[in-house]
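Labels for the chains are A, B, C and D, by order of writing; each one numbers its residues from 1.
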Amino acid sequence: MSTVDAEAMLVRVQRENFSIDEEINRVRNRSTRIGGIATFLGTARDRSEDRDVSRMTFEYYEGMAQKKLREIRDRALQDFDVIEVLVLHRYGEIDIGENIVLIVVGAMHRADAFKACKWCIDELKQITPIWKCEHTPDGQMWVEQHP
Amino acid sequence: MSTVDAEAMLVRVQRENFSIDEEINRVRNRSTRIGGIATFLGTARDRSEDRDVSRMTFEYYEGMAQKKLREIRDRALQDFDVIEVLVLHRYGEIDIGENIVLIVVGAMHRADAFKACKWCIDELKQITPIWKCEHTPDGQMWVEQHP
Amino acid sequence: MTVTVKLFGMLKTQLHHESELTVRLDQGCKVDDLIAAIQSMNPDVGDLLLKRKILVSVNHHIAHGETELTSADEIALLPPFSGGSCTSGERTSYVYR
Amino acid sequence: MTVTVKLFGMLKTQLHHESELTVRLDQGCKVDDLIAAIQSMNPDVGDLLLKRKILVSVNHHIAHGETELTSADEIALLPPFSGGSCTSGERTSYVYR
């Protein structure tokens, strides 16, 4: 795989599920200097505040969402002492317990990996044009979250 | 699998490599309330300070190591707002880039998952009777780390 | 000129279940003029735009009121984002799909 | 009485490449007496024990000097732990295997 292709795999919005082992290996394979890999995996919960949720649907703005995820990766690589960053978000219908979002950060030192990983998921929620619709007993609702 | 067996799988010292997908699934399957899973994977770096490292060997104190890892899991479950914790360490010969240690923490909220995960790996390094021998061009050396 | 405005999430529900909106504007119009035009079509959505609860993007950049528009621009209305997983103690408000 | 002391990591190298050490002690001896006995066998290791750079465990618990020993106890000398991955900016010291 060329460098450009390998980099493209590090930022994706996709419908399909993903293997965490495979995604971690993309990061691990970038450097033998990596000693710690911090990962955040967001999964679909069956409750949202006081409502039961049976399923969810994610919609995204094609082009702009990928642009924002690339920005997040670039800024994490620049602002933290880390070696590689992977950012991946699914769209479409997602069942309870399934994977939604994955951040993987490889660094020499674990404290940097944790800091960058946490920053990426916090930032993703702030700036990425992705929207969630929850399927509840009262019907389907678009969710608006206020931190 | 009985509850006792399932719990035993959540704290292990083993020679064999592990699949991160499988280990994350052990945590995920414990509750549909889990919305965020923070993971730390320690991998074998090819440098230790200014030395090249070609391989490493881990030795552990059978019985006491497992006891300490169980303590770490129990305290994390008690002191943080998290749902499940998995702690896994390998022993024996480990090649560069390979998995050494894995912490997986599932929680309702991601900030709690990150905090507990970071605490677990910090604590593991402090209290678990496990020792690393690095294979370097100057020979094999036991490593003593000072934080 | 005519501009096409992409709609996402709850906005599709609020604006007649369409995924795009076509708006006629004068040549040299700005984002503020687009907001005024939407305000007259749907005051609720207009208010959220004025409060910047809904953002306007132009060519994948978040735009301010003074940004000038051309018919070649890719324009979108962005309701509050809700990607990631539901992992913080957020207040949530709902709009039926 | 005779106690058996398990050795790990660099201690196996420092104490004649054995994985266990057998030490004769008086009945009712304490951890401090064991440390004194090791001190006379190997002053370097004895010093590290006195500085608590090497810890003594009795039945999987870290013991203090006053802990009494019996021949049924599982005793071990624990050099500084180095599990986990090499991920912090640690100073490292080495002992050849």
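Methods note: contacts are C-beta pairs under 8 Å (C-beta built on N, C-alpha and C of every residue); 3 or more make two chains touch, one makes a residue touch a chain.
Remember, predicted model here, so these are calculated numbers, not experimental data.
Placing every chain at the mean of its C-alpha atoms, the farthest one from chain A is found to be D. Interface comparison, A-D versus B-D: the pair with the greater number of contacting C-beta pairs is B-D.
Averaging C-alpha coordinates per chain places the centre of chain C 69 Å away from that of chain D. One inter-chain figure worth recording: chain B and chain C are separated by 47 Å, centre to centre, where each centre is the mean of the chain's CA atoms.
Look at where the CA atoms of chain B average out and do the same for chain D: the two points lie 25 Å apart. Among the residues of chain D, those in touch with two or more other chains are 85-88. Touching of two or more other chains is recorded for residues 35-36, 42-45, 108, 110-111, 113, 121 of chain A. Chain-to-chain contact here is organised irregularly, matching neither a line nor a ring nor a star, and falling short of all pairs touching.
Listed by chain label, the pairs that touch are A-B, A-C, A-D, B-C, B-D.
The part of chain D that touches chain B in the complex is made up of residues 6, 8-10, 13, 57, 60, 74, 76, 78-88, 90-97. By the touch criterion given at the top, residues 19-21, 24, 28-29, 32-47, 96-97, 108, 110-111, 113-114, 117-118, 121 of chain A touch chain B in their complex. By the touch criterion given at the top, residues 42-45, 48-49, 58-61, 63-65, 67, 89, 100-101, 121, 124-133, 139-147 of chain B touch chain D in their complex. Interface residues of chain A facing chain D in the complex, by the touch rule stated above, are 35-36, 107-111, 113.
Per the touch definition, chain C reaches chain B in the complex via residues 85-89.
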